[in-house]
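Shared chain: chain A. Partners: chain B in the first complex, chain C in the second.
Showing the complex of A and B:
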């Protein structure tokens, strides 16, 4: 019955994907199950197998997370996949060595097979016309084929204790023995120590190989070290995650961490945490029922973390970037309305302080409702006030606040300065520069504006002969004058 | 561990006692390797080898859901499920790498491993409901081909269902390649020229992807989800070391596929492993032999060139 509930738990995890498959008749069976006792069993560590599973998944998650970061930043993501499939023949031969699931023999066999596969991809790439992706796929498939044949032959043997050997394909954390966990722990400690001690060397060789060589670092040897540690990581994770899915435990936590930070040290820390977390969740879920493989659950947990980072990461998350984009668009829109108010007033020679909504709508070339919204947004932002015209005319007008006036001047100044710059410096025709300035006016920062002003010798008029608002105009409030710039007045 | 090699048992008796069954199995192996190899040639040349890897892993949940919904090994439902899963992978990979700073290869790794995980969980959770198990995912079952329901065409017995299916995929692929040979050649090697000729590389790219998913789905039952990738890449990779023209590469691919099937079958009988696996082993061995001989030839060629230069030098 535990099996049944485990199955339903899988369904819950898979969410809506399989809901059409749900059959009402089977729902009733959930109540008759003992997955709760399995869960309590797990959470109270009452069973040595539980302890092994917990420590094993913590170790493997940490190691895979750390090494995943390095293959990710070295752009070798799928080398992990090839390596993990290529270890399978080594696992089978390691078993044959003394006909039992000896962790050390299997470890050595797997590491040798994995490194052999890595070397072969490199050799194929160097000595033939075949490209990198082909060599990776070739070694992956070929070695995996050898591994499958060897595993089958081992299974056909009559002698030997083959229990748990089939778990290498999809993983079973609960099948970890004490010896397995000890090997995993040693590898985890070695990896963490090496990454800690050689952090600078690994950092430099990962991002700037030429600089590393210039520093006199043995870049090639460090590359081999990374490959060996990678093989270690794959082999450590093998029994709990399974050959097929180990690569995901390398790539996914590291990719999630990569979405959250720009520093390698933080990325390593986060990836190790994510890996260990995913490992624990996977071990727990698959323990709830007999016969459930661990690897797929670990991978799904890791993918869940990645999805959260993908959407909600503070800087690179999709949602935050969309929010940023919306904010920017809103700001551009506000600036465009301010500019339109300025232009309407300019046409009237700045005699009127207020601008009627219909004038504004005509200037912006949009209908009244849209203008209403835009102006309300200005009011909310403290850029303008909406009032009925005082002289008895019923139509409402917009009045800029000092802040609104300053902002409007800035946008118009940016626009006209840029037009002038394009005609003077880039020798464009005066009637070709408007579209460009229309975009850049929202982006120019204060320091660039200063540089432009200096370069154009503090101009007062744009190529179309209109006045460019200066600092004094912003302070004065409403009228533009020709004698804005003290520099021009001086001589 | 390795059984004794017995000529009679491994080679002679297989043909003596059940020639028709043996032939069917080998034919099936040939069709699988041939179809994979033909489409694989374009996949390798277009540098999409790892996309093939991704699709072959990720069609598993599609197939599993199709099984669970229909409750049978209905080929058409399986096709639809697999192709949908394959397309979803392509779209998701593109979505991830376009909307974040994760590179394409990492996006691929994340996507296909997630899909594969979902597939494995579905299969193990519902193992008692469908005759689809983890073994099938891993090895496939070419050797059981003669036991399939036979297909008749206007009363003429054609052979077991799966062989006929795979055979039609193979023939269809051959016809497609013959019809669009020039277009495929141009869009594969020179995108700029293809555009100037009015061909859309995009159409052929997605066409190749579509046919690739189709071939992978149909080969799935025979060789399993993962060994497909070996069948996709090994024949064209070997052929590319042997030939320089696309047409020659394709011919070599077909010849190599026949070799894999014949030798792989007998190796399987000898080792009692699994035919998909032994075919891959044969393929890898042939690749290694060809690779080494190209290296030796090149070294030889260099040596000859050096000697010729030296003799020229001594002459002058």
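Showing the complex of A and C:
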């Protein structure tokens, strides 16, 4: 049952495009036990195949994560896809070289084929009127077609059939030999080292190629280097991830990292971690399940990381943005209630400290239940206290705390300062400014308020003749209104 | 060559920029045709001409960003590749992706890269200089901002700070006043004039004829070929402007296209 569901899932994932060419081997076949002991085997490197799979997936994840960042910021994401398909003929010919799955020969063959594909893409674009996307599509299709035919021919040979070249299509970490992992390790070290050493050159050529040239940097050579390293990354990932999905291991970890940071150095670090993590998770999942290729699991793990970044990334994440919006709306609502309390008190000449809930509801133009909620929120935020009917108070009333008073003054001040600025400096009619001030009052920062006050020469009245509360009024905790008697606010 | 007499001895130093018979073509369409120029040091020079006149192309060709079809460019008497360190550059603001994951300070630090060897990283002194340059353009408080969170004028000032960090003797600037507000524009021109007063040479691509007259000491009037070059008051004549802006030289471009095909 599990097998059937897994196979169905895998086929659905790949769009049912290709039937796996042969039954894939799995690491778990070596020990037929339950999944817990398989997990222990996996995590304790119990046998060489597991060790190869773990190190292989770590190496490929790191390399793909790093190079993915560069193709992403250089807007070459599609090139990764074309390149990964273009290597296939090289894999077949690399095998034919001495009729074994010699990692070095296959590596060289694949890199040459990939780079040839890249050069062809450029050639088509530069010598014809065809655009980049078309030339990428042309090369992808052509090379992949040749690759499939060659693979078929090689697999029809006796040696080819045994070698398990089909792993190159969908990937099988279990099929990694010691030699494969050594080649992958060398490439990983070379890539990490070059990215570290040439960081500034890679950064400036990716960001601003014209400026890089104007600096006298060999921008063209750096571009070639990126292409070669990209081909390396594709080939490193080929056996474990498979031709079809390699480009996802390039793009997905890098895209997730891009959503989480805005420094290239951190993006590289994150993408390498995500890539390595996805590689490991993918290899492990494939190890646990039965006969399924590794590539899709690695890519799924990376996609999972991307989805988390997409929803929960602190700045660009969907959920985070919604949360921010809700919090902003809450704050605006709190500030509007505070302002209304100020206004009710202002209307009474600041003689009364408390504001009855019914007065407040009338001012806010909402019903009693809503005002109840709003006032409770003020109380929770430490802005106000609600007093029941007692002593002189006839109705339930709300009293501002010093904190609430200060905040109320600020909102009113922002509103009236902005109105004054619009009428005085921007020469708008006094009856045209209220709507705008309703929005601005919640977003004016202290520095802008200071500038406005200076510009307007520390005004005390708004265009409608109303008082603009100043710093002193906030600190004192009450308004020294035109009337002589100051009204104390709750301590 | 400029001749100067210091302490009674005549010292000859090469000009900041000498261009001889420069021709540049994009594929088969020629953009610049037989340009000759000799720029004296310590000048603020405006490059003015209609759209498609090859203003940006001229400065890009000088720096080897675009391949030239013919002619020679000498910077302080040397080919560009040998004099790159003495050249600063402000590209057009639209030429880069502002969503790129870098901060304002990262961008300005790039101005120091030309002085660092391969594999070398910016040192503390480079950071110090970069921060000073950001301060000079009034952007120090934004040093940690990712660059897409800056306004157009602020982005332009970051580019200018990067060029300042290059500490060059000859500057090429491509439309540094596009999309900036009046305050930024006057701040930028003040900085350019200060650089000029320090003896540096600046070539600035500019699209606004009205301000070109007041901003620059000299003007290069361009329309595929050099229409005029000289002191602003001499070049800024009705006759010259009409020659630069009045209609395309269709035959010249047609013949040039054929000439390219014949190559």
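The working rule: the second predicted complex is superposed on the first by the 394 of 491 C-alpha atoms of A that agree within 3 Å, B and C clash if a C-alpha of one lies under 4 Å from a C-alpha of the other, contacts with A are read in each partner's own complex, and residues count from 1 in each chain.
Here is the rule we go by: a residue touches a chain if its C-beta (ideal position, glycine included) is under 8 Å from a C-beta of that chain, and two chains touch if they have at least 3 such contacts.
Only a predicted model underlies this, so the values are computations on that prediction, with no experimental measurement involved.
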So in the superposed three-chain picture, is A:227 touching just chain B, just chain C, both, or none of them (first/second/both/neither)?
neither
Counting touched residues of chain A, say whether chain B or chain C comes out ahead.
B
Give one of first, second, both or neither to describe whether A:299 is in contact with chain B, with chain C, with both, or with none.
first
Does the superposition put A:281 against chain B (first), chain C (second), both, or neither?
neither
Quick check on the superposed pair: does A:408 touch chain B, chain C, both, or neither? Answer first, second, both or neither.
neither
Is A:130 touching anything from chain B or chain C once the two structures are fitted on A? First, second, both or neither.
first
So, does A:217 touch the first partner chain B, the second partner chain C, both, or neither?
second
On the A-aligned overlay, A:258 touches which partner chain: chain B = first, chain C = second, or both, or neither?
both
Where does A:204 make contact in the superposed view: on chain B (first), on chain C (second), on both, or on neither?
second
Chain C-contacting residues of chain A that also contact chain B:
75, 258
Note which residues of chain A are touching chain B in the complex, please.
6-7, 10-11, 13-14, 17-18, 20-21, 72, 75, 77-78, 80-81, 85, 96, 124, 127-131, 133-134, 136-138, 140-146, 148-150, 152-154, 156-157, 169-170, 244-245, 247-248, 251-252, 255, 258-259, 291-293, 295-297, 299-300, 303, 306, 310, 316, 318
Chain C to chain A touching residues, read off their complex
60, 63-65, 80-81, 84-85, 87, 89, 91, 95-97, 100-103, 106-107, 110, 113-114, 116, 118-122, 146, 162, 166, 172
Parts of chain A lying in touch with chain C, wherever the complex brings them together:
73, 75, 197-201, 203-204, 206-208, 210-217, 258, 261-264, 266-267
Under the definition above, what is the set of chain B residues touching chain A in their complex?
1-2, 44, 47-50, 52-53, 57, 61, 65, 68-69, 96, 99-103, 105-106, 108-110, 113-114, 116-118, 120-122, 124-126, 134, 138-139, 226-227, 229-234, 237, 240-241, 271-274, 276-281, 283-284, 287, 291, 294-295
